[in-house]
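Consider the two complexes below, in which chain A is the common component and chain B and chain C are the respective partners.
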Partner chain A sequence: MHLIAAAPVVLVATAFAIPLIYLKIKSVKVFHAVALSVTLTVFFMTLLGYVYVSQVGEPVVYRMGGWPPPLGIVYEADSFSTLLATYTAFIIVFVTLYSSWYLGSDTGTPYYYSLLLGLEAGLLGIYYTGDIFNLFVMLEVLGITCYGLVAYYRNSKEAVEASIKYAFFGALAGLSYFLAAVITYASFGNLTMGLVAAESRPTFRLLTPFVDLFTWGNVIAAVAVILALSLWTFTFKAGIFPNHFWLPDAHPAAPTPISAILSGLVVNAGAYTSARLLYTVFGVYDPLSSFYSLSPYLGTVLSALGAFSAIFASVMMLVQNDVKRLIAYSTVMHLGLIFTGLSLGTPAGVKAATYHILTHAAGKALLFMSVGVAIEVSKTRRIPDLKAVGRLSPVVGIAIAAACFSLVGLPPLGGFFSKFALYQAYIEVGRFELVAVLLASSGIAMLGYLKVIYPTLFGSQTSDIETHRLGGPSMLLPLIALIALLVILNPLVISLAIDSASRSLVYADRYIIKALEAFVNYITSGG
Partner chain B sequence: MDALGIATILTTMSIVLALILWLPISLRTRIRRTELYLSGEPQSGFTVRVTEISWAVRRVFERIYEILIGHVQTGIFNDWFALSLPYLLILLLLLVIVVTVRGGV
Partner chain C sequence: MDTNFLERFLVIFALYNLLATIGVSIYGIVARPHITKKIIALTILGDALNVLAIFLGFKPSSIPPVLLKTDTISEGDIIKFATSAVDPLPQALVLTAIVIGLAVNLFLIFLALQIFRLYGTLDSRKIRELRG
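Take a look at the complex of A and B:
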């Protein structure tokens, strides 16, 4: 089995095995070790997958059970998906390590890890899959595990309510995408992303006329409905206004390591799926696609929603008293900026959005984990009551400052370079109103981040702090690693990888050809 | 009939059925007002301390915050529907109109 297909399988198998093992083994330490070793193994698997795809220079197709497209489900991984999958697996390793500090000997630990590994499987499945229906399944895997993790503190009314809200909205969003998948199947005759992409481009229909056999009815009108339903779902997953309502409730209610994953990684699934559908599958921004005429309208809607999300969320950050809620609004803001980049339809816009996905994920995970230490020792999420942990633990203090500064966009941290890339992408297409949105939202958000920095770094409350909770490698190592990551994420190091990923998304030819090859090879080899 | 036609007919039928079922209920029942949910806005006391930097912003844009907290980010399901479903409908209408007017390619 290829590594890209094996990674989600390993995670799902372990997720189901953990509750069974718990029937016999009651030591929580065992589950900390199991979860860490599995996430570490999966990270190396995704890394090898990324290296392999980079070396061959084209997407890799894996046929589940040997069934070719369009009969079976395929995983199709290109530079874009493998980069995001590897990055996700990397951050989850450190979040898992941090979880062992956070949870300690909590008796719910086995169930926590069971859901966490299921969540990672869902995320990797979303990135790797080349099948529109399998994407729905993976979105549901991701959703269900997230609902469970948000309600982890099931004795807390807020957590249960936030989880119900999230699940209710998530079910509606899932239904909407399911309807889109049904219409796709009815109109295109298959659900393989690469083949639907071929049917969407007249040039491929000329070269491979057999793909036209699948098409049925008014495809262009059907795609308009498919895109509307899908984008509604994906903007929900990404927390874009007005589908962000669940986010400021759900992210703070979850355990802090899960907040880090939800805000740093899970929302990226919405951005990724939007980009995959718009750029690769239907080629809305590809002049050779049948659906190119939709691009200015979709671009306008997405950039308007993204811009409004950024401004709205930054303004809402200022009046928050709950520190996790403030950071959750910051997520809405950053995803808004990412969508404005994706809506431009240019290679520079996609590159900047991809870059911002990476820097935001690292910054947000670091901020949640470092502020989580302050919450843990202060026993409150109220900002004015947070203890000055930065004065007692320099690593935690630097982590809070570095995460905030990166999210604001101050050099030399990664956030500065990704925001600068967005700025350049806006200028390139003359979208000066988006430049204003970027600067205004960053400026307003700066005041919000200062609300967090001040009490935790410069506050006077240092009494009653449980200093023994401020140490330990399982808490410090993730913070140090993510601080280093924010420094490493500069164009000198990461530019080639992001360039290759964004090119793979914008120019979908190789993605389509590999899917067609898998189909044609099966036919010509006589099955 | 193509996929869109079938989808349109089925959706229209379900909307009509829902309306037929809902109308008699809505005429009989009054809206029940409930307490605000536990989570969601507004949180208890959206006050910002004078010592905080954002205090001035909060004061200057008092009216905007009243609208945002009181009408947009309320944390109540119905308010969310009131904003989110029109977004879906606008998206659908916009794209269908574009396709109809421009012919797609």
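Take a look at the complex of A and C:
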């Protein structure tokens, strides 16, 4: 599976090549074309990877440089990670197209694309990697590019302040995960996710070469510390209360296409890594794992934090005057719901959370991009001053409405089905308080979204609109594509994909066996 | 006082020293208002964690992880090597972490410079455009 491993490499190589090309070629249009073609290529690479993993029907291990698991870094792609990676690459293609409309002939464009491609490389690396330390590297790649993009308008006080806040605590969170990785190495003797997972399950432990490492120290306490440190990092990345404080500053300060990526895709990396660590690596929710005893504590903490994030953020949405801050708080709310789904520990909960990650990403990217058009023509982010773009451009109007309705959860759109799946997952385990949280936060958030819909669709301010900014395929095509995506995200269409993805996460046996196989094959073939 | 005791004392002393450094640097990050001091504290925290990682691979009276004997290697040689050599992997991890830390620090320092240009101060109590 060279294609999977090549995707981040292609992105990083292009990201470094772009500033060099800029030395010779000064035309900004060239860079729009380069970025679009590279993201499109990477999308097809991830799609082929997804198709391949689906056909094989089990995780695929790619050994970097041919080194086997405990010695070298491996990429281990299963249907969960390839689904998210393909979806991410798909949305980034459209955001890149939208960027070419948004940036126009801005002279910072080459650096913007350089960072954007680095960001995509970090995301894909996070999804594909099968190595705990490589995950740290990829988190930092993602982090540094995000800080840079938030500070893209480097002469704006708001952007620089938001970026230093984000970067400072991001660096601290990165160090926290580094400590967790070091403790993992000290307790398990290796850093490959599949092999750490094998050691966590007594049924697989005899097959690993590291059995005697369990003889000293209390490994359950060590895992509790590892999980505490790494979940702190991941909830920071995902913007879960109390680590959400940077998000409503950083997401609005970035250029609008970047807000769409940060709110729609980057936060998912936090949810993905939490799920991977909890379900696959340590098997906290797996009754056969040595760490099953930690599940009540983690379940309580994560669902409480998720539920509080959802309620708190939906209330905060109501008091915002800045449209981008309002949408940023909506991100905190949805990530809260995703974390409550992940904290249940049941296949239905994971399935619903995965589904909600997909619908939220599409809805949020669409909302930021369509509201971005309104901000662009109104030249302000104050909600009452937004012009009624929906009256002049039906596509933008439909996009704002569709995104809001999907995020609230109205029936024909994807958001309804994912919220319904969450509701069913809560009912299945009898967590009625979470049902109340889901309904209350959606209801309160509905009022927040109406604040956005009203001036942009039904407002009376249509004067002084620069109508030439309201057209153009590079703005309309992404909006139309994501509206279509919200309709396609229907259980009839994607139920099978989400089902196999969540099964691959919850039942980690094949993941472990493939990693062990890669190790044993190396030993038996005599190196 | 034999050398063994001295070595063990030094190892424990270094460990507590590291933990104290981590505590002081977290205090610096949280409590100092000046952004440059916060960045310095963050650097100290990063370095302390790196040394902690090296420390985990260290064994008292150990040898470098290089097997110098190349012609005839017996099983005993390998066992002796495996039990007395330090673990090289944390050192490789730390090398990566140092490079990443360099990038993050450079970026933070650039942002601090930009903040000083825009606000005329680096006192984080006076930089309050955003409410969080």
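In this text, the second predicted complex is superposed on the first by the 514 of 527 C-alpha atoms of A that agree within 3 Å, B and C clash if a C-alpha of one lies under 4 Å from a C-alpha of the other, contacts with A are read in each partner's own complex, and residues count from 1 in each chain.
Please note the rule applied: contacts are C-beta pairs under 8 Å (C-beta built on N, C-alpha and C of every residue); 3 or more make two chains touch, one makes a residue touch a chain.
Owing to the predicted nature of the structure, the values given are computational and were not obtained by experimental measurement.
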{"item": "Simultaneous placement of chain C and chain B on chain A, clash or fit", "value": "clash"}
{"item": "Partner chain(s) touched by A:Tyr522 [first = chain B, second = chain C, both, neither]", "value": "neither"}
{"item": "Which superposed partner A:Ala151 touches (first chain B, second chain C, both, neither)", "value": "second"}
{"item": "Touched chain A residues, chain B compared with chain C", "value": "B"}
{"item": "First, second, both or neither for A:Pro242, with chain B first and chain C second", "value": "first"}
{"item": "Touching partner for A:Leu450 - first (chain B), second (chain C), both, neither", "value": "first"}
{"item": "Partner chain(s) touched by A:Leu175 [first = chain B, second = chain C, both, neither]", "value": "second"}
{"item": "Chain B versus chain C as contact partner of A:Phe133, first or second or both or neither", "value": "second"}
{"item": "Which of chain B and chain C A:Ala167 touches, first, second, both or neither", "value": "second"}
{"item": "Chain B versus chain C as contact partner of A:Leu231, first or second or both or neither", "value": "first"}
{"item": "Contacts of A:Ser293 with chain B and chain C, given as first, second, both or neither", "value": "first"}
{"item": "Clash with chain C, by chain B stretch, listed 7-15, 43-51, 61-69 or 97-105", "value": "7-15"}
{"item": "Set of chain A residues, in rising order, touched by both chain B and chain C", "value": "157-158, 161-162, 165, 168, 179, 182, 186, 245, 248-249"}
{"item": "Residues of chain B that touch chain A when the two form their complex", "value": "1-7, 37-41, 43, 45-46, 48-49, 52-54, 57-58, 61, 64-65, 68-69, 72-73, 75, 77, 80, 83-84, 87-88, 90-92, 94-96, 98-100, 102-105"}
{"item": "Partner chain B, residues of chain A touching it in the complex", "value": "157-158, 161-162, 165, 168-169, 176, 179, 182-183, 186-187, 216-218, 220-225, 227-229, 231-232, 242-243, 245, 248-249, 253, 290-294, 297-298, 301, 305, 312, 315-316, 318-322, 325, 384, 444, 447-448, 450-451, 454"}
{"item": "In the complex with chain C, residue positions of chain A that touch it", "value": "133, 136-137, 140, 143-144, 147-148, 151, 154-155, 157-158, 160-165, 167-168, 171-172, 174-175, 178-179, 181-182, 185-186, 191, 245-246, 248-249"}
{"item": "Interfacial residue positions of chain C with respect to chain A in the complex", "value": "29, 35, 38-39, 42, 45-46, 49, 52-53, 56, 89-90, 93, 96-97, 100, 103-104, 107-108, 111-112, 114-115, 118-119, 127, 129-130, 132"}
